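Here come two complexes built around chain A, the first alongside chain B, the second alongside chain C.
And then the complex of A and B:
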């Protein structure tokens, strides 16, 4: 799975570089972000602006990660659009995840 | 008068719906558009109708058969071949399709009307025929006036003071349009029209035949008529047409089923706990569908036959086709559920199988497998966990 991380303010931004987030990337997605959490990162913004397709298994991986983060930190979903945003809405996960239009919106809103 | 219904188009702009059914079979609240056209023709005394079919021809032919059940005679002119892989359509174009029928039997031996099978209309055909006879031309095009900002979507026609057609424009820019009278795709012809159509050639009425008539100096006319014309040329159109029907905006459209509450129609054999389902009209619920307690349905909304809406589901302004199960966790807003696809009004499509959300939206006849149940539990737990958290926050 292609992704890159960088720090923006208090946040670690994880930018997904895959157009498709399906069953073939879900385990690695879960593992990589779980590793970040194990390394002590608590505030994560997941940048999905490059993603054009997501399936239930990848969304399920995110749900498991959100559980891991729990009340100790943040896992904010930024830049979801089109059918990716639709998937969050359809499954009501837009009510569970904090979702923002962009990475900047995520880091600003929470900082403020 | 005799009639020909054009039904051979591929309907590429209505995919994925037209992967399963040709455009004339797309229903507005359960009734295929073409069925409404056949009924309109019958009302105006047209009883002999030839339909040219190609793409998914059997869907049309098996539905209308010989027309007996609708009180008319229907025959088909199939454009295509049978190959090793089955039927392969090869449409001849609108005029080419007419010519094929005429060459075959000389069917068009009197004034006849040709119309597309993919728009709902309430045209006064008898009045149009009267005007056609008064003008005395070889062809008459039924026109409609549209706002200037919409001319770019249509074929535009310029008339002289005697309503003779002097110019054609295909989808002109607003500033270049010679008028705001558009071709509705409904034509009345005299059999002499076939002198202008080459045999065994793909030939189009709007694009080739009419320009040829203009070039030949043949007298043919355009008559602007005031009638409702609900096109279903694209996925947004299908959605808009269904909404209009539910909102009572299609003049003369007969709602299916029976009205059980103001603005709520159902078929028969429905299972609904009326006290515990939150319904906001207008809503239509098809026969043999089950709406479980605790679900929310906000209109305009159409739920097909044999559907199951599970407890907790939220459905708002949707069109849901037959045999769909909507899981209790689903929140559907402005969606068309059709053939395993979840389609947005702008045409963007999410396939429930590819997205692996069959645990949420699927054919109700399919049994859930363990991985579906795993996903359902995972998401469900998450939602109830956060629901409780929110509740605690509210209390605090």
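And then the complex of A and C:
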């Protein structure tokens, strides 16, 4: 799975570089972010702006990561659009995740 | 080592045989390349020490003949040469020689060269062993994989065995299309009459693919069957119908979050009841693709804009029952997102709007024909074209 991480203010931004987030990506995604959490990172922004398709197993992986973060930190979903945003709405996960238009909006909104 | 000495000079043959025998090697002799080649085909020689210029077949030709042959072992070739010069060396190496020795032969030099030969042959031998081992492993893996694939294909066929076969009820007609994914997935659905007035139905898609998804979908079939743990037939009457779908969804969600270890799996579903007396339909939406409703009044197919939490993803979430009018002539269409992973002719994925358009054009047809025509338009059911996800589609008609 292609992804890159960088620090922006208090946040670790994880940018997914895959157009398709499906069953072949989900386990690695979960493992990689779980590793960040294990390393002590608590405030994560997940940049989905490059993603054009997400399947149910990737959504499931994100929810289990959200449960791992719990109330000790943040897992903000940024830049979801098109059918990816539709999937969050359809499953009401837009009410469960904090979602922002962009990475900048995520880091500013929380800082403000 | 078994060594073949190839030389047309008898004295040279004898000198070499003496030196090599003293070193502890087994030696055979040949007068020229052709005679050597005949011996090599019959007997395993580790090393061939060959003169360069000989009648019938010269040393470089013998080299090329050996290298071109598919011998079961590697033959190490030392070319003897009285000639010096770079061009000869290149010519000899190009023909496939491993090493060169110059005449007159010095015993110590030959001994060192044969030790080098031994090292190379040992390496070759180890490689051959490893290759053989890998080939064996590869063979067992392919056999195991073939077995699993065959098993999965069978499982995919059996998956359809739990699907309902009755399609005509007192006031309702139901039809469906189901195509399991290449490596089985987690789609399933069912419907059955509670009495002449009520029909219970659901369409389920378990997340992910493969054996665990398929088994979870089978498990749900049992849980939601009329004799299942979660389902209580007494409770489902016309008075209870408006509350029934959301309550069952809540119970199922509780069960999946607390009683059943589903790993990372969860499911989306639409589950509901048709009441043919009140002419309405009650359903709960749990993150499933939005269903379509055809109204006999407007003759339009409408996508029902509803959302809901999937089942088994988060504990203690609430579900609501959605009520829609369902007079005679109505049609309710449910499907799983496998349909939305198909590609249109332009290569783009099928969107909900595309699907709605395709279906709207088929609404004058009976449900069976809708399935057939849509299948043709979306190229479903083509053998040899394995789909990445299960595809299921269910249509419920109020025939009056």
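The rule is short, and it goes like this: the second predicted complex is superposed on the first by the 112 of 112 C-alpha atoms of A that agree within 3 Å, B and C clash if a C-alpha of one lies under 4 Å from a C-alpha of the other, contacts with A are read in each partner's own complex, and residues count from 1 in each chain.
Assume a contact is a pair of C-beta atoms (placed from the backbone, for glycine too) under 8 Å apart; a residue touches a chain by one contact, two chains touch by 3 or more.
Just so it is clear, the model here is predicted, and its values are computed rather than measured.
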Superposed partners chain B and chain C on chain A - clash or fit: clash
Contacts of A:57 with chain B and chain C, given as first, second, both or neither: both
Contacts of A:96 with chain B and chain C, given as first, second, both or neither: both
First (chain B), second (chain C), both or neither touched by A:82: first
Chain B versus chain C as contact partner of A:3, first or second or both or neither: neither
Set intersection of chain A contacts, chain C complex versus chain B complex: 23, 53, 55-57, 60, 63-64, 83, 89-92, 96
Chain B - residues contacting chain A, complex: 329-333, 335, 342, 344, 348-350, 354-357, 359-361, 375, 378-379, 382-383, 385-386
Interfacial residue positions of chain C with respect to chain A in the complex: 205, 207-209, 264-266, 268, 287, 289-290, 307-310, 313-314, 317, 337, 340-341, 349, 351
Contact footprint of chain C on chain A as seen in their complex: 23, 26, 30, 53, 55-57, 59-61, 63-64, 83, 89-92, 96
Residue ranges of chain A touching chain B (in the complex, touch as defined): 23, 53-57, 60, 63-64, 66-67, 82-83, 86-87, 89-93, 95-96
